[in-house]
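Right after this note come the structures.
Two complexes come next, and they have one chain in common, chain A, joined by chain B in the first and chain C in the second.
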Partner chain A sequence: MSAPVKDVTIPEDAPSDLLLNKHADFIALYGAKKDDYEYCMTEYLRLSGMYWGLTTMDLLGQLERMDRQQVVEFVAACQHDCGGFGASVGHDPHLLYALSAVQILTLYDALDAVNVDKLVEFVSNLQQPDGSFYGDKWGEVDTRFSFCAVACLKLLGKLSAIDVEKATNFVLSCMNFDGGFGCRPGSESHSGQIYCCVGFLAVTGQLHHVNADLLGWWLCERQLPSGGLNGRPEKLPDVCYSWWVLASLKMIGRLHWIDKDKLRTFILACQDEETGGFADRPGDMVDPFHTLFGIAGLSLLGATEVKTVNPVLCMPEDTLRRINLHIELLSS
Partner chain B sequence: MAEELAHRILSDLSTAFQRHPNIDEVGFICCPTCQHNRSPVVVENNKLGIETWCLELIFPYAHDKVLRARSRDDSGRKIKVSRSARSLLEATRAVLLVQADCLTAWNIRKELVEAEDLKCIQDLKFAALVLTKHPKSSETFAHRRWLLKQVVQKTSSTSPQPHPVAPASHTNGLVAGDQASGGATAAQPLSAQRGTKAELPCDEKLLEAELAVCQRSAERYPSNYYAWTHRAWVVENVARCHYKILMRELSDTRHWISRHISDHSGLQYRQFLITQLGTHFRSADALQDEFLPLLTAEFELLTDLITAFPGHEALWYHRRYVFQQWETVLSVYKCPKSDNSASSRNLTHLHQGRSDIPAEFSRDCEDGKPHHATVVQGNKKAKVDPAYTEHLTLQTELEFCRNVMATCQDGWQVRLAGSYQHWLQQRILGRDNNPL
Partner chain C sequence: MDVFDGTYGMYNSKQNTNTPLKKFVVPSIKVCFWRIRKQWKMHGRLKVKTTAEQQEAKRKEREEKLSKYQAATGRLFEKRKNAEHDGEALDLTGRILAHNSDFLTMWNYRKEIFQAFHKDKSSDEMQQLYQDELSFLETCLKSNPKSYSVWEHRCWVMDCMPQPNWQRELLLCGKFLEYDERNFHCWDYRRFVVRRANIPPQEELKFSTDKISSNFSNYSSWHYRSKLLPLVHPDMEQPQGVEETALLQEHELAQNAFFTDPNDQSAWFYHRWLLGRAERDQSIRCLHVCRPLNRLVATFSKHLKASAATLNVVKDGEVITGRWHTPRGTDTFEQVLIFEFPEHSLTPDRDQHIHVTLDTEAGLVGRECVLGAGHPEVFSRDITESQELFRSELSVAKSSVLQQELESCQQLHELEPDNKWAILSVVLLMRAIDPITYQEQTLQYVDKLTSLDSYRRNYYSDLSSRFLIENTVMQSEEGTNKLDLSGKGLTCVRHLDHMTLVVQLDLSNNRLTTLDIPVYMLQCLKLLLADNNNIESIAGLTNMPLLGRVSLRNNRIAKAQALAPLASCTNVSVLDLEGNPVCSTEGFKSDIVSVLQQIKVLDGSKI
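The block that comes next holds the complex of A and B.
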């Protein structure tokens, strides 16, 4: 009674070259069609969607194709009196969108378009006595929000606005025996949460708390025979999880532990040759989310046709250089 | 025209909920175009069906209504819209049935609860319905946690509560950790709760209903991270890690796991239960008589499942956890009681030459944190049944791996056994290389 490995087979005729311009066209077009049902359905995460698209364009060297003024005005309109940002105009403020807003404005060097002091206040007010962060005033706690908070403040140069030590203790309390991290203390290790927690420790300069060999091994075991990486045991490989695992490995200096060539082949096979864009797996529907993480993954794997991506903030390195932001990673 | 139609369909939806207050499942009926001259909303046996062609009509319409409740004037101030609670309930309901992660819609419902226009129990029922269509919607589970907190707060303010149970330190499992060892007196309620017939700290019906929602969501989507982490949250925050509930959950999920051997999240939930149970066994006797057999049973279950169903990574990963717990218990025995105030140097000295301390524990001691042995009452040491240690040691685990690798025909199973073997060997290396 043997079970087949949960994996995909890469079709013979799958794309194997990076279709750079097709992806840029896909993103440019995606942002332009604003009245369809799909667009309305995704409004609840609009600012994050814009971050995915704009970062992709920047990594591809084609950010100038997007309408800067329109974007900046829209982001500014998403800010609430409390300083937080909603996903779109009229949506409630949440830490997730505060980070997307700051990332977009940093790409465009346009932070002066919003009230930064209020935003810092919004973020620091969400910290709890145990160091954790609420996502918004309704009180949900998740290590993703810890990452959003410090990433946001780091980009604003205001990390001292929160109690970093307490925040760190909370994140470390979510570390499991396997070296990974979950959303709350005792929660299952999950590649997305690991990315957030390792990213948190990178931003706050505390990567020494990670057991790099133990965690690195767990992350490497995410690679399947197809070359793709999954997010947890017995899940299918996925371009977005490939990014989270890859970026975490990069942060802890263990990127060389996986088979890079096979992963590159898997990611390239997830492109759609006709429409442009990346899907989660070969042959599936493409979207901006997987397109960013496909491009960013290839960048971490050393693709020279795209800009170098920062593994912690998933933004172009040249943008971070411009604002003098440097994050120390573990060496291999 | 489109707006009129959308309005009508939304009314149909409301009528359906009025006529069938016990709708317990929702699904979309694949039907790309309006084909009949009848409503796209149908209910049969309390199952609600919505034809797909109408979604792109009703969603934007309802979404727009939701956002209008949040509209601001030119200077950015919120306009106080006196929209009827009923119309907001209808609009948010339509939005959430289609897009369950729209957090603004859930927030509007929270405000309606606060304004007493909506009962928590009612909304728990609606959110459960949403999960039948969107079983891994994180916002839906987050909303449930908010609702449950309201209910629990209300009940706890009217009835006296037993002492809250400190959660186990999850990093190192078992009895280690700041909370558990934060002074012998503070930890008292833990052991008291187990032996005595302490009352459940919550409404049993509420708890049962919530666990059932988790179960159904876990059935609908394999390795459902949100369903299982929510279930753990419920056990911690509603049942307050009551011993009886932990044991019952452990027994209930045992059967489930045997039918869902790939479900890493379900197995991890058992890890959560076992770790929490570890905090209830506070004496060396209890650890030996009750906790070790529990771990042995888990080992045996895993050996059976791994042998019967080769090639399941989730099972092998769970085995790592059980082994790690096992090692931890043994180290508790062998580590003499240490003084909380002992300097890290003393602790370091204490652990020298001991091969049974996992790397994490050694590091813990290095940090100067009180060692977990302090929570073992009294100063009983090394009172361990030799039978246990003999038949479950690192060596027997390595032997298990070798056996599988030598005899199994399944290539993937062999690879997984190799991974486990490597993991075990790394643990030994980790110890040997540890500067302690």
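The block that comes next holds the complex of A and C.
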């Protein structure tokens, strides 16, 4: 008696080459259709959406196709008096969008367009006595927010604005029996949260807390026969989970524990040959979120047609070099 | 497949005043993780070909929906600006959230409305309003059971309610977990309810047993057990441990699971956890004092930061003020730290008694040694340690338990010879029981794993590399400072923290591709041989003041610049690079000399 393995089959006619220009066109068009139904309906995550799109364009070497001034003005308009950023103008501030804002402004070297001191204050005010972070004033706690906080401050060069030791203790209290991490103490391991927690430890120079061999084993067991990676045991593969897993493996020096060629084949098969863009799985609808993580994943796998991506911040390495930001990873 | 698929109306709550409207349809951006996990309808949505006519009809329909949606959101932002906290706002936000459940600002507005209601409504009225809110949330959850925002709002409501009914919530969790036993949002919500309602862990352990008995393949339940077991059956001797009888029962449960479905990974991950890993305490594992360099090197069992640690050096009863730093001079967490003695403090004609201590949470730890008169160096290290440490990493269980487990896994392996999980467990158990005697057998099993599970071949080769290094370190003669790891097919080098005293290291004839590992932890190293590998980069070969000769013949070093890290090893005078691509580049010698000015002999000839 054996449960069937949850997986997908890659169609024989699935794309196997990177359709670089089609993806750039897809993103450029997506951002240009401001009256489009989908565009309007996703306003509640606009800043993150812009970060996905702009980072994709930069990794493809075509950032200059986007309207820098318009973007920077929009980002600045999303900042509140408290220093935080909403997803769009008039939307409530949240740490998730603070990180997106900082990432976009760093790409464009335009941090002077916003009030950085206030932003640092916003982030540090969200830290709780147990070291955890609220996402906003309403009090949701999650290790994603711990990552957002330190990633944001690291990009601003202001990591000392928070209590890093307490923040670390909270993240470590979310570590599990399998070496992975969950949302809160007691929560099950999930590769998205693992990315956030391992990323947190990378940003703060504490990757030695990870049991790399144990966690690496769990992560490499995410690879399914199709080559794609899932986010948890017994789940379907997905391009975005492939990124969370792959980036985590890279950070702990265990990227080579999966079969890179098989994963590359899976990611490439998730492209849409007509419209450009990547879907979560072969044959599904594409979107900018999976497009970024498809491209970034290929970059980590060594694709030479795209820029090298940083596994911790999911930004182009050349951008981070420009601001002199270096994050040490574990060696293999 | 999600059980809610295509059956939106199936659980349609009748009490809900905000009857879900089909007016707004979710956008087709799929964000699986981060704030938003888009509705099931969209996740995994197949692309379907449509005719131009259909497209036009769809476009019109969407245009209409969009204008309604935008009118509603516009109206809400306006109302919020005017601080209007009324039924209309509640109704409108409900309509939007029912279809776009991750619109954060709308949830916040809703919370503000409730807060405002508190000012002029009675406790009974509030109770009713919150109850309606719970019904509304249940409807949202039925269409989108994986929305972070909805579950979070439910927690908020429960905490605000005058009379929260926690038992009812527990039932709701049970119901949702029946539909999807892996929904981690629901598991988290359950833990929230359990905490608020003070439900004892015994009851939750029973719940998890029931879940597992109905379906072994439930990773979430196994995970939950790993948290509950140490609470319900604590081991008095070690924190986070599990008492022996309970542990044996768990082993039986895990065995039942993997004998039922040997390919289900949940029970195997759990089994590996049961075998346990001992948490090591902080200690000073090794101390090396070097008179010519006027310094000491300390190796710790755990990483620490020189700038944040309380370290003391006492010489002949007197506290010495010197400087602690990391091998690379960085402000990073390391296992090896260096202490520079003040000039002339190591008197050459007398025995010097040196004692190093470190303040830890568990108290003071230390190590001492005596540098004899006229001796250039001395060391002190934990001699029992390396063998015990490698073993305890695999297991803290009693050997009788391990033996029993080994027999069951071997039995399963005979029944299912191609089952990789059984083989891997056999390997780990053999390592825990007797790594030296079982060496050949474990390596053969790892070879078999490599061919059975080729996607993870590099995991297995790194695993056998680790085993071979552990065995070599364990078997190396006491007092020797040569470590021969050549010709073992190594793909990685682990356990550098056990090699502090190594003076000669031979890594030749392996399958290494880099030396990016922190070789600088080997502060006593004088000779490094790494011929006949596939080494491309040597980022970890830095800051070793005694290193004199490095041999990297027949590797893949392509550019002189790749050797730049070695520049910080100022004593390196002999370098062998024959058989590397860099040797056939133009101006090879002068390039090397410009990168490494300290080199005197390159490939056997004087510079």
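Following the convention adopted for this analysis, the second predicted complex is superposed on the first by the 329 of 332 C-alpha atoms of A that agree within 3 Å, B and C clash if a C-alpha of one lies under 4 Å from a C-alpha of the other, contacts with A are read in each partner's own complex, and residues count from 1 in each chain.
As a working rule, contacts are C-beta pairs under 8 Å (C-beta built on N, C-alpha and C of every residue); 3 or more make two chains touch, one makes a residue touch a chain.
Small disclaimer: the values here were computed from a predicted structure and weren't measured.
**Student:** Should chain B and chain C be called a clash or a fit once both complexes are overlaid on chain A?
**Tutor:** After superposition on chain A, chain B vs chain C: clash.
**Student:** What is the contact status of A:Glu188 with respect to chain B (first) and chain C (second): first, second, both, or neither?
**Tutor:** both
**Student:** Let me test your reading of the model: by the given contact rule, A:Asp81 touches which partner, first (chain B), second (chain C), both or neither?
**Tutor:** It touches chain B, and chain C stays clear.
**Student:** Applying the document's definition of touch, where does A:Asp272 land relative to chain B and chain C: first, second, both, or neither?
**Tutor:** second
**Student:** Between chain B (first) and chain C (second), which does A:Tyr37 come into contact with in this model arrangement: first, second, both, or neither?
**Tutor:** Both partners, chain B and chain C.
**Student:** Of the two partner chains, chain B (first) and chain C (second), which one does A:Met175 touch, if any: first, second, both, or neither?
**Tutor:** Once the two structures are laid over each other on A, A:Met175 reaches chain B alone.
**Student:** Determine, under the contact definition given at the top, whether A:Ile323 touches first (chain B), second (chain C), both, or neither.
**Tutor:** Once the two structures are laid over each other on A, A:Ile323 reaches no partner at all.
**Student:** Taking the superposition on A as described, I'd like to know which of chain B and chain C A:Glu140 touches: first, second, both or neither.
**Tutor:** both
**Student:** Classify the contacts of A:Trp244 with the two partner chains as first (chain B alone), second (chain C alone), both, or neither.
**Tutor:** Second partner only.
**Student:** After lining up the shared chain so the two structures overlap, which partner does A:Leu29 touch, if you call chain B first and chain C second: first, second, both or neither?
**Tutor:** neither
**Student:** Which partner, chain B or chain C, is in contact with more residues of chain A?
**Tutor:** Touching more of chain A: C.
**Student:** Any idea which of 315-323, 351-359, 369-377 or 423-431 of chain C is the one running into chain B?
**Tutor:** Residues of chain C that clash with chain B lie in 423-431.
**Student:** In the superposed arrangement, what residues of chain A touch both chain B and chain C?
**Tutor:** Residues 1-3, 5, 37, 40-41, 44-45, 86-87, 90-92, 94, 136, 138-140, 176-178, 182-184, 186-190, 211, 213-214, 217, 221, 232-235, which sit in both footprints.
**Student:** Would you mind writing out the residues of chain A in touch with chain C in their complex?
**Tutor:** Result: residues 1-3, 5, 37-38, 40-42, 44-45, 48-49, 86-87, 90-92, 94, 96, 136, 138-140, 142, 144, 176-178, 182-184, 186-190, 192, 205-206, 208, 211, 213-214, 216-218, 220-221, 223, 231-236, 238, 240-241, 244, 254, 256-259, 262, 272, 279-281, 283-285, 287-290, 328, 331-332 of chain A touch chain C.
**Student:** Where on chain B does chain A make contact in their complex?
**Tutor:** 55-56, 59-60, 63, 67, 70-72, 76-78, 98-99, 101-104, 107, 110, 142, 145-146, 149, 167-173, 223, 225, 228-229, 232-233, 236, 262-265, 268-269, 272, 275-276, 308-314, 317, 320-321, 324, 359-360, 409-410, 412-413, 419, 422-423, 426, 430
**Student:** Report the residues of chain C in contact with chain A in the complex, numbered from low to high.
**Tutor:** By the definition above, chain C touches chain A via 26-36, 42-47, 62-63, 65-66, 69-70, 77, 100, 102-105, 108, 111, 148, 152, 156, 182, 184, 187-188, 191, 217, 219-220, 223-224, 226-227, 260-266, 269-270, 273, 277, 303, 332-333, 454-459, 462, 466, 492, 514, 516-518, 539-540.
**Student:** Within their complex, state which residues of chain A touch chain B.
**Tutor:** 1-6, 37, 40-41, 43-45, 81, 86-87, 90-92, 94, 135-136, 138-140, 172-178, 182-190, 211, 213-214, 217, 221, 232-235
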